[in-house]
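Note that chain A is present in both complexes that follow, paired respectively with chain B and with chain C.
Then we have the complex of A and B:
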């Protein structure tokens, strides 16, 4: 039964776990503990989230294991691509022409009729 | 092709053709799950700020509770990984113990989420109070529903493991459950980042 050479406490999992905790704390600090502009906060914590997702996929889920690893990885990249298009596309479509650069959401009067004359 | 023959070495969950195909199939399913959550995240993203007369998230979200929920789910993902490692070592008791811990941590997460929802509704932010809150409860609720389904699934698998032990069949089922559970943590990382952290920044 115990033919496989798995160690009792897999170091890869431990590293992944500690890294996840550190990244979670770092994201909270960037968002709430710094005075960075909003754009930098969004970019910074999204980058940390993507790294954390990578930790789960590669270190915990063994995505590249076995000979169907390439298909699995390709499928995930494709799915995350779809997710990006759906989310960013929706934000783009719903904010284009509505907001005056996101100041108050109202006052679209001038924006909407701006191109008419 | 040698893929049709049963292997006698390597991890138990990959030894039969059926086991390998089920695992590959589940990865494809996770791709569909990502598309599902993407549509809900998209709806959430465009509803940010549309709180109407309800209180905004900055006033209601609590950092300690959010961090605790994140910590519980992260830890459960870690113990789930250890459980699969124990399974590969051939230890039925190890798998039972670590997977049991995973489910207890998941239950803790769910309890906190229910507590938080109760608190939000009490403060005047329910699924019907504003577009933003509808999107919030749809997103976090869909994730919470997945965790609930996972808890039920995990309990059934543990019963099966107790009865049958580690076989190529049960091993494949546990590995697939592990993929599901780690995936729920992937989704939560984005909920934590996009909903809670950005919600608290305002």
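Then we have the complex of A and C:
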């Protein structure tokens, strides 16, 4: 706790804070206020999310300031790996057609939700 | 009034089952006895000061272990009832609903409230000692983790007298567990009981990662860590990455059941199998959470009683790291029969078989450690030795199950039941017994009686094989899992299994008796190195272990720290180096925080928001109080340290 000993004005925090608000607002605007196609919207807010995560890590979570940077980095790579496995793995495993309402499903090779929604 | 009574006796209390009335009476009698004994000996204050509010990792560890043993008894009684019901065709001991509830609570309790807390208890006790620390990194948080677990346990366990037990299996699959097919509070107990105790598990994971990375004594580098500590670190890592998945899955199903969402439902756009997917994304790492620490214990015990350094230390560490990675890549093997298609099933078949490789490496490390060792057969070692062949049977049948095509035959039969008990009992449970007996003298100041320990071992180990080996063949004969009546042709094997279960129960009774017997008659420990052959720092402390663990520590320059100390004649009490020690203070806040969450969760179980919301508010109030808590701990004076150490080590110790 006491590592925040710098008594200067917390300029980093302020920049981080404003940047987060701007990015969040931008994401909301892209999703709600534009007429872009779905694919673009998703790609756009994903990109903003990654920038946002970076800001959190560098401005607030001091990842560059500790002496155990290696551990932090390894940990984050591992975390992203696991998150990827969870999300992509689940999509892969669960798109086997069972939830294709209306057909009898169960093993057919169709894509999930057969395209109509 | 009448409506209230109708509710109270009709829905709130579980009525109409003679077995449950029996249980209620015994619970009532049990609680009255405990309260009476505590009051008679004026022990309430002592209990509060010395245990409930304690931030001492050793005491927290002991509380975990006691809770786990109690849960082993409860889960064991469930198991015996199931074995009685399935011993003969046409048994009417349990009806089908009751049988469903019992296998559900048995499975859930054994995994979540027995295996995990038992191991977490041993970690709590041993890990800080092994790395030369005075406590874990966050002692207050450690106490909080314990109470979150304990209140989760309480919530789950009261279900069988208040409201009815969950009955959808320990896997709690949707849509069976959804609100449409399973209205009422039962499944909510599962969801919220696990949610509450999961907070504690996650906390323990974080605590141990930080403890092991940051609190090691000078000279204890990562590659000199005792292997049990390594296994704890890897386990903690898996906990931190796997438990959030369970948290989310439980929360989503809670939304379904209590707030009318349609995530896992048949109606609407729900995906019932998504529950299975999320459950096993957590569930498979979970089985490694309960096996890796047991591996660590066996490594310690085998190298101690073979009087040799562990063979292939590095290979052991890498094997665990690889297991930790692979454990997130195999989950679909639990539902091959969902029919995700050939590509998916082949992939998960192969990853599953790959896990056998690092596990095999570890087996050879243990064998190599024993090779040319001077082995003695104390009871912890017996359990470790029995583990190897029994676990191999479980592992080999696991590889059989890993073949997706073959699994269509084995799936949901007794073959599977036999397999997972071979790994869970021969691995986890043997490991817990081994570790408990091993560290018992450091915990309680006396050993458990060796002779009773051997009777316990032989009864339990043989009973275990008599109970579960026939189940493989019952599986081949087509006996499905979770069935409450059996066909006549399964009777001979099924009856044999029941006989084995009774042998295990008898063995366990001997164990419980040996606790009492040893408390009365065992010789008290006078020196720290209880078995005379200790290798790690835990054995360098005095017995009883001073609450600050180590008065002083030498510089370490090799693995097996205590072996080096013995060679150089060093102790953890170097008179000339003693300095004041700073220790954390006890706190009652975690207890109240988790009590508040317990009340909130109980309210949610019954969908009583008038109760859930105040409970939650109370929780935040206690958190607020905590944030104004400026207690910085206290200092132990050098005088007191000298007194404690000299009392424990005998006057003229240097």
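Here, the second predicted complex is superposed on the first by the 88 of 117 C-alpha atoms of A that agree within 3 Å, B and C clash if a C-alpha of one lies under 4 Å from a C-alpha of the other, contacts with A are read in each partner's own complex, and residues count from 1 in each chain.
The rule is short, and it goes like this: contacts are C-beta pairs under 8 Å (C-beta built on N, C-alpha and C of every residue); 3 or more make two chains touch, one makes a residue touch a chain.
What you see is a predicted model, and the numbers here were worked out from it, not measured in a lab.
Visitor: Which of the two partners, first being chain B and second being chain C, lies in contact with A:41: first, second, both, or neither?
Guide: So A:41 only meets chain B here.
Visitor: Between chain B (first) and chain C (second), which, if any, makes contact with A:71: first, second, both or neither?
Guide: Touch status of A:71: both partners.
Visitor: Of the partners chain B and chain C, which touch A:96 in the superposed model: first, second, both, neither?
Guide: Touch status of A:96: second partner only.
Visitor: Please name the chain, chain B or chain C, that touches the greater number of residues in chain A.
Guide: So, of the two partners, B touches more residues of chain A.
Visitor: Per the contact definition in the header, classify A:86: touching chain B only (first), chain C only (second), both, or neither.
Guide: Touch status of A:86: both partners.
Visitor: Kindly list the residues of chain A that each of chain B and chain C touches, one partner per complex.
Guide: Touching chain B and chain C on chain A: residues 68, 71, 78-79, 82, 86, 89-90, 94.
Visitor: Once bound in the complex, which stretches of chain B touch chain A?
Guide: 9-11, 14, 20, 23-24, 27-28, 30-32, 34-35, 37-39, 41-43, 45-46, 49-50, 63, 67, 70-71, 74-75, 77-78, 80-82, 85, 88-91, 166, 178-179, 182-183, 185-186, 189-190, 192-194, 197-198, 200-201
Visitor: Contact residues on chain A for chain C in the complex?
Guide: Interface residues on the chain A side: 68, 71, 78-79, 82, 85-86, 89-90, 92-94, 96, 98-99, 101, 106-107, 109.
Visitor: Help me check something: in the complex, which residues belonging to chain A touch chain B?
Guide: Chain A residues touching chain B: 1-4, 6, 8-10, 13, 16-17, 20-21, 24, 27-28, 31-32, 38, 41-42, 45-46, 48-49, 52-53, 56-57, 59-61, 63, 66, 68, 71-72, 75-76, 78-80, 82-84, 86-87, 89-91, 94-95, 105.
Visitor: Over in the complex, which chain C residues touch chain A? Could you list them?
Guide: Those in contact with chain A are residues 213, 241, 245, 269, 271, 273-274, 277-278, 281, 328-329, 331-332, 338-341, 344.
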